[in-house]
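Listed below are the structures to be examined.
In the two assemblies presented below, subunit A is common to both, partnered first by subunit B and then by subunit C.
Up next, the complex of A and B:
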């Protein structure tokens, strides 16, 4: 139990999110462009992390399907920042496995002139610690 | 030599749970001049007060210190008790050991030590107190109501019925406020105009009510019972006394392209216009920004067609000055324009409207003559999506933090009315929580669901975009855990309400306090809900916080009762704790008059005897008008020669408190 609790605290610390601010309006999930690809939706991340029910989120595909577009964060009327929570759960997984999914030295060979700069920044946020 | 009694209150457990009251009484009894010290469960109770009265008599007390709650709560109670025992009421001092001690500390030892220090300071002060006698001031038996919505109208009618003259200052050309724009009203669905118009007419015709429409308050001075107010009556360019309200001028005006404010800009009006058919007074105004005559010097058609000769292009603003005993704030509200919510498309798509716009689209006197037609192409909408809580209940920079309180109910009303007239329309409502706490309110909302088949969706809308001539509304259905997209013909946003933009400047003029949202604050949230903390200023309607019409009208009546209570008094007891200048120290520098917010200080030239051959010398010295001074103390801290002092709060008294604390 206490390790679960520590995980909750750690995710909240990493993300800076206070899930109790959520009023369960569903604006984040109403906004999310990756909704159908994610088995857990932004508002569920908020309530599940709050309850300490984190394991299913870590096992989920949703943490990789989230586009990190931050639309949910932008629109949330209570300033909860669900995308930051999703990011923190993802980082917890990456850190546990002790490996980055993206190393900076591998980036140059993947570069493509069409690729927006933002995608690289976003990929770093998503796949490396 | 003073004989001081100290009374330490437990306030049940409010104080006694954190402060060792016996220790405080014990410590106080050792202070100089203290001849009696005790503690008691409830000092403010009748037996508590009797305890004080008996002690004053028995021990011939010359000063009393009560260690209790804030003086705002019970200073008057204890002063009255002292007076009953024959002691001057200003020989009572309060040491606040509740709000400033027991409520904010946890540790008993610390709190007790602090309570003892606070008691010691009060004991030191009371030794320098002087018996004071309150002066009296006259009450001007006239009331000013600012804002002529249903709140202002109701307050004015109630005060006028009690026999007092009332002036209503309304900035728009007519009284009526937002209620005049509503179609039907929840929860009974009676037509807003049908119930409002008679009140407007009554207010317009009442012998005790004077309407100043198209007018604004310019300046306020004075104090409770004696306010002096300057009102700017803006030039209508139409003579009120001659105009018959026939409306011919408004028909003939060629400048018919002005957005009609009353219909939320959904249709046009002329440069000379009467806001709506039932306007009171039914006299047009010329919008000089739009009028050809004012722009080019040509036209003048309205003047030609007016058989009454009422048009007066030369008319100027007029400033009138009037005295009032009481002022009622009834400035109401506005609905925000949800332009910051780009994702909802309000600025982009004409068929995304606010609920106040929707009221006008349903109203028989509205831009579509009561036929529900969407603004873009004038077609009747078949699929309508309502979005609640737009801009309410949020913490981001786009949102108001409060619940706007009326939108859940009026959205249910819009849904019911629409279904009633157009049963083949499909209606969806996105909601976060359905808030219907009022008499017959939940039943009303359930009727929308059960009788009219309105589709309530628990969730919010993420975005609205256009596709093949439809408004695509993407949102979450939280109970189904789905994201859904509805194809709609119209989207109605229940946008947040906010106080009128002019409220803040009025608040400053009247020194009436406001909260961070610019709603006026009440003197006590529970026990004095219609009074502002500024004496003589009362609150009515939405300007104090979101509320519906029944609540507005109840509050308006309550404010009227408070006004009547004040105006029936012939004289008001003043506050004797006012400023006083020592002529021997004053050098007439004028600093104090500059800082006095009430204009209480004037200067006179006075002759003084001086040593030397001249014998007398004329000097300019400050004089305080005690009836006007409110005892704020601004002058005393400003005076460079320490000539100004406040009775009851003299510099010596305050320094003795500081000394006692630092002892």
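Up next, the complex of A and C:
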């Protein structure tokens, strides 16, 4: 219980998000371009983190599928910033030893000669520590 | 007019055109872009967490170099611009981040967000002015129907980026008009192309990119312009169902100014 609470507090601190501001309108999820590719949608991150139900989010593929497009942030009527919460959950995962989602040895095979550096640098920032 | 200039890593490699045409056009418009000495890659994505300090430092160094040179800072790549602008906002308004970043930097004078960060498009709109730009055009792109692709990073979050109305932007359409072409407005111009997710789930990037191009095509676009090398990559390589040409905005600018 207390470790769950600590994790909730840690995620709220890292993200600076106050999930209690959410009025559950669903707009963040309605506007999310990764909606179909995420098993938990942005509004669910908000409510699950608020309840301390964080483990399923850490195990989810959704944390890798979020595009950081900031549509959920821009369009939330209560300024909750779900993208920041998703980033904080993703960071708690990749900051654990051995939990990198993208390893440099796996990259050469993905390297399409046209791929801009920016894509590789960005992916490493998002998926690895 | 002299500005500090941050090209970013991609403009030195895969997106050389974006950089070269930006420089040539600036010259034609009487603007001097001074490249920041020894700049480092910004990391491509803004580190959103409060406690991500080290990952923000390369941006702080760039911002501080411009401050020391006494110049405003100009960027072209949407992603660099996004990262620099948001880190600058943290340095100005987030005491936690400002204090910790300055502890690492050990500058004579702490950096507190003093530098003004401008996207190249803002330089055209707010410094040169689109009416003036129009007068400098020697090859008007008459009759060309061009769709502006904003994507995400130029516009959002609008409270920090402040470039334009995030849901109904007009800066790129006004730019297209100034060059003598016809802008095409389409609903997906400010929706995401998939970004870096192409390295994790290419099918998702394909869906998003096809949506954007399909939307532009349905409104009659003959060409799409962008300011972002990753948008360019996704639209070209992951927009598998369409073959609309996608070019950098600086390329059509250079063409219209007769310096291509």
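We take it that the second predicted complex is superposed on the first by the 99 of 129 C-alpha atoms of A that agree within 3 Å, B and C clash if a C-alpha of one lies under 4 Å from a C-alpha of the other, contacts with A are read in each partner's own complex, and residues count from 1 in each chain.
Everything below uses one rule, namely that a residue touches a chain if its C-beta (ideal position, glycine included) is under 8 Å from a C-beta of that chain, and two chains touch if they have at least 3 such contacts.
None of these values were measured; they are calculated from a predicted model.
> With the two structures laid over each other on chain A, which partner does A:119 touch: subunit B (first), subunit C (second), both, or neither?
In the superposition, A:119 touches subunit C alone.
> In the superposed model, does subunit B or subunit C contact more residues of subunit A?
Greater contact footprint in residues on subunit A: C.
> By the touch definition at the top of the document, which applies to A:69: first (subunit B), second (subunit C), both, or neither?
Second partner only.
> Just to be sure I read the superposition right, which of the two partners does A:30 touch: subunit B = first, subunit C = second, or both, or neither?
Only subunit B; A:30 stays clear of subunit C.
> Tell me which partner A:88 touches in the superposition: subunit B (first), subunit C (second), both or neither.
A:88: touches subunit C, not subunit B.
> Residues on subunit A in contact with subunit B in one complex and with subunit C in the other?
Subunit A residues touching both partners: 71.
> Which residues of subunit C touch subunit A once you look at their complex with the stated criterion?
8-10, 13-15, 41, 43-45, 47-52, 55, 77, 79, 152-153, 155-158, 166, 191-192, 194-201, 204, 208, 229-230, 232-233, 236-237
> Where on subunit B is subunit A touching in the complex?
Touch residues, subunit B against subunit A: 343, 389, 393-396, 398-399, 430, 432, 458-463, 474-478, 481, 483.
> In their shared complex, at which residues does subunit A touch subunit C?
By the definition above, subunit A touches subunit C via 13-16, 33-34, 37, 64-65, 67-71, 73-74, 83-84, 87-88, 91, 101-102, 107, 110, 112, 114-123, 125-127.
> Where on subunit A is subunit B touching in the complex?
21, 23-32, 35-36, 41, 43-44, 71, 75-79
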